[in-house]
Each structure stands twice: as structure tokens, then as C-alpha cells.
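Worksheet for the structure shown next.
As written, the chains take the letters A, B and C, and residue 1 is the first residue of each chain.
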Amino acid sequence: MSKTATAHEICELVNGSLEGDADFELTGINKIEEAGPGEISFLADQRYERFAASTQASCLLVDKKFKAASTASFALIRVNEPYRAFLTVARFFASGQQLPAGFRHPSAVIDAAADLADSVYVGAGVLIGANCSIAEDVILHPGAILYADVHIGAGSIIHGGVVCCEGTRIGQRCIINPGAVLGAEGFGFYEHKDGSFEKVPQTGRVVVGDDVEIGANTTIDRATMGATVIKNGVKIDNLVQVGHNASIGEHTGIVSQTGISGSTTVGRRNRIGGQVGMVGHISTADDVYIEAKSGIAKSIKESGKYFGAPAVAHSDHVKQIVALHQLPAILKEFRALQKTVHQLQRQAAENPSGTDGSAG
Amino acid sequence: MSKTATAHEICELVNGSLEGDADFELTGINKIEEAGPGEISFLADQRYERFAASTQASCLLVDKKFKAASTASFALIRVNEPYRAFLTVARFFASGQQLPAGFRHPSAVIDAAADLADSVYVGAGVLIGANCSIAEDVILHPGAILYADVHIGAGSIIHGGVVCCEGTRIGQRCIINPGAVLGAEGFGFYEHKDGSFEKVPQTGRVVVGDDVEIGANTTIDRATMGATVIKNGVKIDNLVQVGHNASIGEHTGIVSQTGISGSTTVGRRNRIGGQVGMVGHISTADDVYIEAKSGIAKSIKESGKYFGAPAVAHSDHVKQIVALHQLPAILKEFRALQKTVHQLQRQAAENPSGTDGSAG
Amino acid sequence: MSKTATAHEICELVNGSLEGDADFELTGINKIEEAGPGEISFLADQRYERFAASTQASCLLVDKKFKAASTASFALIRVNEPYRAFLTVARFFASGQQLPAGFRHPSAVIDAAADLADSVYVGAGVLIGANCSIAEDVILHPGAILYADVHIGAGSIIHGGVVCCEGTRIGQRCIINPGAVLGAEGFGFYEHKDGSFEKVPQTGRVVVGDDVEIGANTTIDRATMGATVIKNGVKIDNLVQVGHNASIGEHTGIVSQTGISGSTTVGRRNRIGGQVGMVGHISTADDVYIEAKSGIAKSIKESGKYFGAPAVAHSDHVKQIVALHQLPAILKEFRALQKTVHQLQRQAAENPSGTDGSAG
């Protein structure tokens, strides 16, 4: 099911100018250091120019100023932004792996009360519960599990091993990666005086906007009441935890293994590094950047860069780290200084009032 | 399958006193700021009283002292503890979503040598291995996977994508959330001198007590020999790791993304925050509280609050954090003080024996 | 399906010398403190010798010097290395739980264009996509999910809930634990000026070598282009994240909940503790040891032990921790010292030039 295109066709696709054989058939895209004959690659970073001499690629996307060695055997497509052109070409080749629209694998279990658009692809072993509503062009990969009353918007892709619990809402053009769990029970308990727990019923749902990507084995809990909300354009990496009633603002990105506790509201366009932890019931402003491994213990009210556990302004934590690295040596100097001062003190004490003594 | 009740019926349920229309039909429970007509809500926290003026809820659970505005259109149910009453009402409405007892989806695979009580619910695509034993009222959600010889106690709920490996034992009234893995191979290797590993066979099992909740995509490894044990009343959040041969004491709660290494024994009623790490082969006392992101490198023998990596008494770590935050400024003061002292030293050196010189 | 052996047979297996009844039938292996009649145990660590007096085991693997109490009722098998002997015996008993070679559960979905060796075991509900190639003696546990074009080498074991996306390559004798995801979309986005993201197509794959073990719910992303590579003999624990285009060197071990970011290259025989984070596009040397919870922000060029976030030489971070623990007390001493110095300064100022004053 792979796609091919001539150098000329690719050149048109990226609005570039071609130097080389227009009819050459290109079969895929690859990194410059790994590309082989028939493949196209790109140069968007000077650090990779050293690979131009030895690449086996048949064609390169380069900027206007690139100078090829006279011995170079590859064709060139000159563009304004080679990286953007690469994205376009990569998307072209990736689109060759289309699954057949409207396919329903006979092993899939589709509840009679589920409503699927004609073009939905249903892979082997997919389970679709009652009252689910699946819009056009959705792809349900083998082994995806939808409980009852799950709605999925047009063009979204749900991977194998994903579990969407009752009531989950997913928007359009989302990708839910394998093993992600949407709508599990939130972690809410009433603590008795004897230290035992009583469950707080979790009757809410998860609501995911459009153009959201959720990573493999990431977990997003249903709300206690109401909804846990992932807004449009959010990108969440693998193994991330989002607690009940949390809300993640538009176009925010969250790197792997970060945890957002319950009822916390993350602002728009936040960039949250890996292994960050945020306590519950706080919020962040828009345009907040949080360094990996930070711990956020209270609300962040100003956009900016934060770091540390508990987090402070990024540059302040960097100073703390520098200071901590110096600290063992400084402590030795401090002990030495203490001795010096005590010696000075003794000397001063031996001459209790300095000049007075000499006045005799 | 949703449930309704009159205000009078709800009032009886929570042993309260009603002010308003006894026959009004209530259809669900929601947060005060999100509740709509027909819904009941509650006020258990002064911070939410500001929503009372604008709530669309038809009825509120409030304490004896609550004063409604004269314009308020909602009914009131006065109770001693509004939060406890909310739990009761939430449980009532949640119970409306019962799955039919005794249901066996035809796509489920139930080994001929498995033993299921009549009332067990078996969802689509559930896989039940040989010699499994499933007690009354257990719910197996779509896509749950039980290897051979798994025993599940009465009233437990196993969600989709859960994998229980051979020999797993689960008690009564447990909830195992989607994607949790019980009984995977423990991480045990014998290291050869050349740095390669030889597998230590993992032949034990996982044993879970009664009233345990295990989070989505959490992993609890089988013991090398014997059992990894999760005792009664333990609540474990999502994406938590419990290593082989670990033991978690009664009524302990563990927040998301925490890792308990192999052969570690956690005491009773511990409260372990998120992203905590505990090394292997240690233990904690009963009633230990560990702050999020802490690292526990040795046994904790006294109940109390701990914090830091490596963890110390909670208040000590807070002092360390405060001190660290001051450190960059202190280092500047320290350099200044050094200069001052050296100046004093030079001055003293210029007058080597103070008054002696003046004694001439 | 469990196995038994006489004490004599076990003794031959481990090349030991037997003291006791050669014909006694042994039924399994267990820890010395938990072993019951019929079971064999071992003593490889002096700390466990105290259990020898009370053990119910019928046989013990011990070293040449072990002295049993005169009242001991167990047989002894003396060996050079009791722990190695234990491994051998544990493997013997574990091998009793063989699944029948060549079994194909009727509920499994095997694409007509997949190629399975005769001896492959296919459990219930397994899904095998087109163009998969599964070699001899592979075990696919119930609920394993293979997308199209997945290749698995001889003798590997794929557990339930595992998802191998298109193109995944797995070597020989690997164990992929339940819920692990190989080949999900890498986390790669182009950021627009308005803060929204554009997906970078992820068209590469995951390539796993021989003798690799991958933990439950661990995620290994496909490469953007080319391959994410896990080399021979690597052991990865549960809930670990390996980003797109990362490479893990031979015989490296990675403990639970660690995250290796995209395009990072980990060397051979690294030992990486739990909850470690490594940024992307860096590398580590061979034989690097990284303490749990460390953060690796730049390449490590020398083998050795590292610790901290950001990590430094292990012993340096230990010194930093010791210093930090002292810091709150030191700050008090520092303030006291400042006072003393200022007092000395005042005294010196009152006698601006020491003996000069007294010269009058």
C-alpha cells in the first residue's frame, strides 16, 4: 500500500525548484544518514550537512543557499523552509498506508445500538458498546475497546488496547495511542477516622476536544461529577496521568510521565516537561513553560518559565542548582572562616579595648 | 438506565429535613457550579457558597446553619454532614447504571474449566482462562483478560484491558481499573561478570485483599516465589508500580506514578503521594505520610510525615527547601564576609600583637 | 501441568552432593521462610540462615560449609554457588507450566497473509495482522495484539494486552510483558508561531534485539524515520518510556518508570535506576550507572556512577545531599558569624589604625 512519486511531483507538492531528473521515481522519505537509493531526505540543520557527502538518498530538500559537492549524485529540491517541506513530503508518503474506509472486521463486536458512519474502519477484535456514536472516517485499530455511550468525532484514530469508558467524548482528528485509558474511576475517597477509605462515586466523564493526541498508556480519569476536559489541540505524550476534573487548555503540550492531579486547570499553550508533578486544585496561566521533573505545589499566575520542586522562576532554580553544586566546598570554607573569626575574636578579647590599653 | 427520586425520597435517604417541594423529581447529582434543573448538589465547603446565588440546581444538601437568599429557587435538604450526604446520594444515582447480572456476551471466551457464579456479568471480548474461579456479582467489563487459575471474590469489578496473569487472587468488592496488569514477570536478574543478565524465574503470584482499588495502567508484579500482597482496603491510583514480593499494608493509599520496589513492605494506613520512589527490601511503619516526589532509600521506623529525596522528617525538608532558596543570595553575602574577615585579618596582622606594639 | 523431581534428580541437575533421601519427591521451589513440605529452598545469604531452624522445606540448596542443626529434618544438596543452583532449579520447575506448542485458539484472529511457524502457541483473542511473521516456539498469550507486518523471532513470549504496531521487529527469546506498547506514534510536533502544533509524521518502526525483556505497560515509540532500537540483552522494567529514535545499548538494564527521551543513545551495560529522566538527543558511554530519580540533561562521556538532577558524579551528589541537610543549621551559624564579624569591624573602626592611636 506504499506510495511513490516522481521528483517533479514532489517538487510541485512543496512548491520548490528542482535540480535533477524530473522523472526519477521516489519511494519514501528517510533521515539523511540512513536514506537509501530511491529515498528523499532533507537538510534543515547545519549539523547534518556533513552527511551530504556520503548520503545514499536520491533527492534532497534543501534551502536556496545549499551548495552541493560537484560529485553529488542526488537531485535537489530547493525550498524556503526545508523542514516544513519535509513535513509535507513525510505526510504524503505516510498517507500511502491508508486502511480501507468502511471495513468492518467480522471479529469486531458492534452493539446493535451503536451508530457508525459508513466510512468508519473497524479492525479485528474491536469492541463497541451500546449507544456509541462514531463519525465519518474514524479508524478503530484492532483491539480498541469502547464501553457504552462513547462519541468519537470525524477523522479520529483510536488504537489497539485503548479503553474509553462510558460517556467518553472525543472530538475530530484526534489520535488516541495504544493502551491509553480515558474515563477510569477518579482517585477520590472519604477518609474515616480509623484510616479506612470510603469511595466517592465517580459519575462524570472525559471530554476531549479536536486535534488532540494522547500518548500510549496515558490515563485520563473521569470526573467525579461533570467532566475532565482536554481542550482543542492538546498533545499529551505517553504514560501521563490526568486526574479527575482536571482541565488542560488549548494547544498545551505535556511530555511523558507527567502527572496532573485532580481538579487542576492548566492554561493554554503550556509546555510541560517530562516527569513533572502538579498537585490538585491549582491552576496555571497561559503560556507557562515548566522544566522536566519540576513539582508544582501552587498556582502559577504569570506566564513564564518555571523549574524545581517546588518550582520557582526557571533562572532562580538554575542559580539554586549552581549554588548547591558549590555548597560542599563552601561549607569547608565556612568552617575555615569561622576559625579565623574566632581567632580574631580571641585576639580582640586579649586586647579588650584596643587603644585604651595602650593609653596607660 | 438512569435513576430518579423525589426530593422527599432523597431526604429520607440522607436522614435530613426538607424545605421545598417534596414531590419534585431529581434526576442526578452535580457540582453546584455546573448543576442544572432537575439536579441536586451540595455545599460542604464555604469556598463554594458564592455559587449558591447563581446555581441552577433544583435542590441543595446543606448544613443546619445555611441561610439561603430570599430569591433562591432551590429546595434545601438540611443534614449534619453535607459531604457524607452527598456521598450517599451520589452512590444512589451511580447505582442506576447497573449491568444485568448473569449476562454472558457471546463473544466472550470462557474456558470450559473455569467456574463462574451465576450472577457474574461477562462483557464482550472477555477472556477467561482454565481453572479461573469467579464469585457472585463480579463484573468483567469488555476486554478484560484473565489467564489461567485466576480467582476473583464476590462483587469485584474488573475493567477492560486489565490483564491478570496466572494464579492471581483478588478479594471481594475490589475495583481493578482499565489496563492494570496484575502478575507480570518481576524484574529479577542475575548479573554475569560480562554485564549480561540471566533471568531469575518468577514463579509466584499476586494476592489482592478485599475492598482494594487499583488504578488504570498500574502494574503489580508477581512474586519471584510466594506472593506480592496488596492487603484489605488499599487504594492505588493510576500508573503505579509495585515490584515483586512487595507488600502493601491495610488501608494504605498510593497516589499516581509512585513506584514501590521489590520486596519492600509498606505499613498500614500509609499515605504515599504521587511520583514517590521507594527502593527495594525496606519497610515503613504504620501511619506514615510521604510527600509527593519523595525518594525513600531506607526503612522508616516511626510513623510521621516524611519528605525529600532522600526523605527526612517533613518539616526538616521544608527547612532545607527554604534554605536552598536563600542559598544563591547567601553565597554572595558569604563572599563579602570572607573579604571583610580577610581585611580584618590583614589589619590585625599589621598590628601583630596589638597593645604590645603600643607598649613600647 | 506442574513438574516434580526426586531429590536425586535435582541434585544431578545442579551438580551437587546430596545428604538425605534420594527418592524424596520435590514438587516446587520457594523462599526458605515460606516453603512447605515437598518444596525445595536455598540459602545463599547469611541473613536468611536464621530461617533454617524453622523452615518447613523438605530440601535445601546450601554451600559446602553449611552446618545443619542436628534436629533438622530437611535433606541437603551441597553446591558451589547456591544462588546459581536455585536459578537452575527454579527454571526447571517453571518449565512445568508449558503451553502446548502449535495450539491455535479458535477465537484468535490470524490474517490469511500472516506466516506462523507450526509450533507457535496462539492464545484466546489474539489478533495477528497481515504480513506478520512469527517464528518457531513463540507464545502469544491471550489478548496480544499485533498490527500488520510484525516480525517475532523464535522462542519469544508476547503477553496479553501487548500492542505491537505496524512494522515492529522483535528478536529471539524476548519477553514482552502485558500491556507494553511497541511502535506507538512518537511525540513529535512542529510548533507554529501561534503556539499550535503540527504533527511530524512518524513513519519509522521499533526494532528489538534478542534476549530482551520489556516490562508491563512500558511504551517504546516508533521512530520518526528509521528505527527506535533496543539491542540484545536489554532488560526494561514496567512503565518505562523510550522515545522515538532512541537506542538502548546491549545488556543495559532500566528500572521502572524511567523515561528516555527521543533520539537519545544509551550505551552498553548501563544500569539506570527507577524514575530517572533523560532529555533527548544525548548519549551515554558504556558501563554507566545512574542512581534512581536522577535527571540527565547532557551526554555522559565517561563510564562511572552518576546521581542527582541534573546528575553529577555520584559521590559529588551525595556530598551535596549531606551539605543540604546541614544547610538550615549552617545558615543560623552564618548569621551569627556575620554579627560577630560586624562587631569586630565596629571595634576595628573605633580604633581606626590600632597602635597609631595609642602612639599619641
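Simple rule for what comes next: contacts are C-beta pairs under 8 Å (C-beta built on N, C-alpha and C of every residue); 3 or more make two chains touch, one makes a residue touch a chain.
None of these values were measured; they are calculated from a predicted model.
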When the Cα trace of subunit A is superposed on that of subunit C, what is the rotation angle, expressed as a multiple of 5 degrees?
-> 120
When subunit B touches subunit C, do the two copies use mostly the same residue numbers, with over half shared, or different ones?
-> different
Take the average of all CA coordinates in subunit B, do the same for subunit C, and state the distance between these two points in whole angstrom.
-> 24
Can you list the residues of subunit B that touch 2 or more other chains?
-> 125, 143, 161, 179, 217, 239, 257, 275, 324, 327, 330, 334, 337, 341, 344, 354-355, 357-358
Which subunit B residues qualify as touching subunit A in the complex?
-> 28-31, 34, 83-84, 87, 90-91, 93-94, 97, 105, 107, 123-125, 141-143, 159-161, 175, 177-179, 213, 215-217, 233, 235, 237-239, 251, 253, 255-257, 268-269, 274-275, 287, 292-293, 321, 324-325, 327-328, 330-331, 334, 337-338, 341, 344-345, 348, 354-355, 357-359
The subunit C residues in contact with subunit A across the complex are 109, 111, 125, 127, 129, 143, 145, 147, 161, 163, 165-166, 179, 181, 184-185, 187, 189-190, 194-203, 217, 219, 221, 225-226, 239, 241, 243, 257, 259, 261, 275, 277, 279, 295, 309-310, 312, 316, 319-320, 322-324, 326-327, 330, 333-334, 337, 340-341, 344, 347, 350-351, 354-355, 357-358
